[in-house]
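What follows is a structure written as structure tokens; I'll ask about it next.
Order as written gives the chain letters A, B and C; numbering starts at 1 within each chain.
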Amino acid sequence: MVVGLSAAERRYLTDGIAQGLRNDGRGLYDFRAFSVELAIIPQANGSARVRLGATDVITSVKAELGRPQASRPSQGRVEINIECSSTAAPQFEGRGGEDLSLELSRALYRSLLCNNGTGPAIDLSALTVIEGKLCWNLFIDGLVLSSDGNLLDVLAIAVKAALSNTGIPKVEVTSAAAAEQEADFEISDNPDDFSGFDVSHVPVIITLTKVGRTYIVDATEEEESQMSSAISIAVNSAGHVCGITKRGGAGLDPSVLLDMISVAKEVSKSLLSTVDAEIMAAESRGDDQM
Amino acid sequence: MAASRVSSYSLESQRVSLARGSSALISPEGVREDGRSPHECRPAFLQTGAVNAAAGSAYAEFGQTKVIVSVFGPRESKKAQAYSDIGRLNCNVSFATFAGSVRGKAGQSTEEKEYSQMLYKGLEGAVALHTFPKTTVDVFALILQSGGGDLPVVLSCASLALADAGIVMYDLVSAISLSRLDTNLLLDATLGEEINQDGSLMLACMASRNEVTQLLLTGEWSQANLSEGLKLCLDACTKLAGLMRSTLKESTSNIED
Amino acid sequence: MALEFISPEGLRLDGRRPAEIRQLRANLGVIDKADGSATFEMGNTKVIAAVYGPHEVQNRSQQLLDQALVKCEYSMANFSTGDRRRKQKGDRRSVEISLVIRQSMEAAIMTHLLPRTQIDIFVHVLQADGGTRSACINAASLALADAGIPMRDIVASCASGYLNNTPLLDLNYLEDSGGGPDVTIALLPKLDKITLLQMDAKLPLEMFEKVFELGNKGCVAIANYMRNVLLENTKDLAFARGVVKV
């Protein structure tokens, strides 16, 4: 992304970070305040909008019935697709946002589902309706409306929020079909008759951006433009690392890497509780409106 | 390409081993399907100068994984691209249509795009880009046979090809992957092991500078497992770097002869 | 007739009267990074627009020496429609709509005041329920105003149609796919000039006039609403800066 910073501004930014001071007054490991809205896309099974500073993303979860893959008869499938809207930056016009979209989609997928789709974050076997015949496939779509850095972390929060908001309709199997027959089933019409989704295992992602010799959490776009390297670490509520993606830039000393991982784990504790609290708050707001 | 050894295009049906328990992939005595111990790498074969037309090229074979990388350039950057005071690295990874057990489709797949991005990010930190301003170096990788650990093999092979092309680098990049099945950490996993893994780790590093250029981790890891995995990969990368170095030395001594 | 679009009581499927617009809602300044931005809702149709510029022309060869270069991109979110479809950017439909929006906005922007610059308009459909074209034009118009780009007039757009022998204003998706004609109009209300007129299907000339007249009225109503939104926004800004006291 092109961020126009003068030499003096750059110096101010990097020297500040070296002394533990950031332009917006935050500490090195502080997240910006963020807000969560739930159920904003009526035609989806679950959706959320998360705003962190000027970064603004929408995620939606759609569940569709389909056939499980032959190699995994007792599991549903999850697809994650992130799109960077050109409204977020003129650079995303046309095919301009594709590289970033792919990078974000894959990084999220890896953190949530491992690279062969067996990840610990989402219980895929809970999506099965009839083994080998019918399962729910989840399509997670993300849209970046406005970007001021730290997209991956915000998207991870939004995915977690959207999944917590997701209701999967109850399916009634009407005929106990023989192995080779197509099964008959009915999807419940009652809008209250759905099962929720357990998101306690969905991790948060913390991207540590290294500027100079120091690394910071939740970098803004300006700060990202000065990074030497960045590393995104997914941590779940058990405090286990669920995925690491190094995102370009210069090499890192392995000991620094381990340091960064432990910092991410520390930061994740407070972030996870804030995320949970925000989701809860959004849920209760939604209940009030009804 | 000097045929220094008989090529091993054996028609092993490796992909039959779909979705099996970890017990099938590793015996109680700790021996893997192909007879390796858990922390043993596959036999590797490296060679530079595989493609005559390229400025530099390399061929790598790790077990069943076979990769060829050619490097072209530095050449003038495209006119449409803005001025840049550092060089550009254009990375492109593609699978040969016959690389997997199912015939590949034409056109760039998302996997190829992702690998291309990863390759770029793994090399970016190692190449002295400031030595060729305004110009572009193309790195084209072709996976001839996909047998597990494709990306790390591509990364190592690409850095060898860059060295062969005389592109200035801070250090060679060597990369290795590791699969976790239950509690077993299997270094340099095969395809069969990768399909059944519940966690993976891919590490690319510049061994003599002790710097990690790319790191990719999936699955849930405890701190102890993670540290052990990283250490295993780092050690393996150091060993691989030694092998790459000797390959380069050998090829230059051949020229002198 | 498979579907009755108007009940015997004269109400439409969503309970509106034939000449009634859906609930309108608009917000300005929704994207911090953009120079101007707006969301526009017409019933269940919701679009977001962002304007970047005027800025230096990216591709020098496209630079115009006597006027501004206006660029527009229309895209739809994957989740915008009922059935999820993976859409590639730049399919024929979005290229056509991009063009339509660009042309109708270009007619309103005083491009001659901003020579050798570029103005980017990006619209993204978040929810589609008929009339996305109109909603996009309205959102783009508000976003341009928010960016402070000189315009002759705001552009207001509305669709009208003809079903069950009745002219209908502001069709929703169900009515849009009812097979009747669909007339989209964009109007410069103060100048009383049309910048966009599109119609598919066929319509007798005298009927067309009625439908057109209805659409025109819809545009005027929408323009009034947009003007109010802009006025409120300006008041808020003035208040925030302490220029006026309430």
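Definition applied: a contact is a pair of C-beta atoms (placed from the backbone, for glycine too) under 8 Å apart; a residue touches a chain by one contact, two chains touch by 3 or more.
Predicted model, so just to flag it, every value in this text is computed and none were measured.
Undergrad: If you apply the touch rule, which chains end up adjacent to both subunit B and subunit C?
TA: A
Undergrad: Among the chains, which one keeps its Cα centre farthest from the Cα centre of subunit A?
TA: Taking each chain's C-alpha mean as its centre, the farthest from subunit A is C.
Undergrad: Please find which chain has its CA centre nearest to the centre of all protein CA atoms in view.
TA: The most central chain here turns out to be A.
Undergrad: What is the distance in Å between the mean C-alpha positions of subunit B and subunit C?
TA: 51
Undergrad: Using CA atom averages as chain centres, what separation in Å is found between subunit A and subunit B?
TA: 28
Undergrad: On a C-alpha centroid basis, what's the spacing between subunit A and subunit C, in Å?
TA: Roughly 32 Å, centre to centre.
Undergrad: Subunit C: which residues touch two or more other chains?
TA: none
Undergrad: Please give the residue numbers of subunit C that touch subunit A in the complex, ascending.
TA: Against subunit A, the touching part of subunit C is residues 30-34, 37, 44, 48-50, 52, 58, 71, 73, 75, 77-79, 81-82, 84, 86, 89-90, 120, 122-124, 126-127.
Undergrad: Show me the residue ranges of subunit A that touch subunit C in the complex, using the header's touch definition.
TA: These residues of subunit A touch subunit C: 41-44, 47, 53-54, 56, 58, 60, 62, 64, 81, 83, 85-90, 93-95, 139, 141, 143, 145-148, 221.
Undergrad: How about subunit B: which of its residues touch subunit A in the complex?
TA: Going by the criterion above, the answer is residues 18-19, 110, 113-114, 117, 120-121, 124-126, 194-195, 197-200, 205-206, 209-223, 226-227, 230, 234.
Undergrad: Once bound in the complex, which stretches of subunit A touch subunit B?
TA: Residue positions touching the partner: 71-72, 99, 102-103, 106, 110-111, 114-116, 118-120, 229, 231, 236, 238, 240-254, 257-258, 261.
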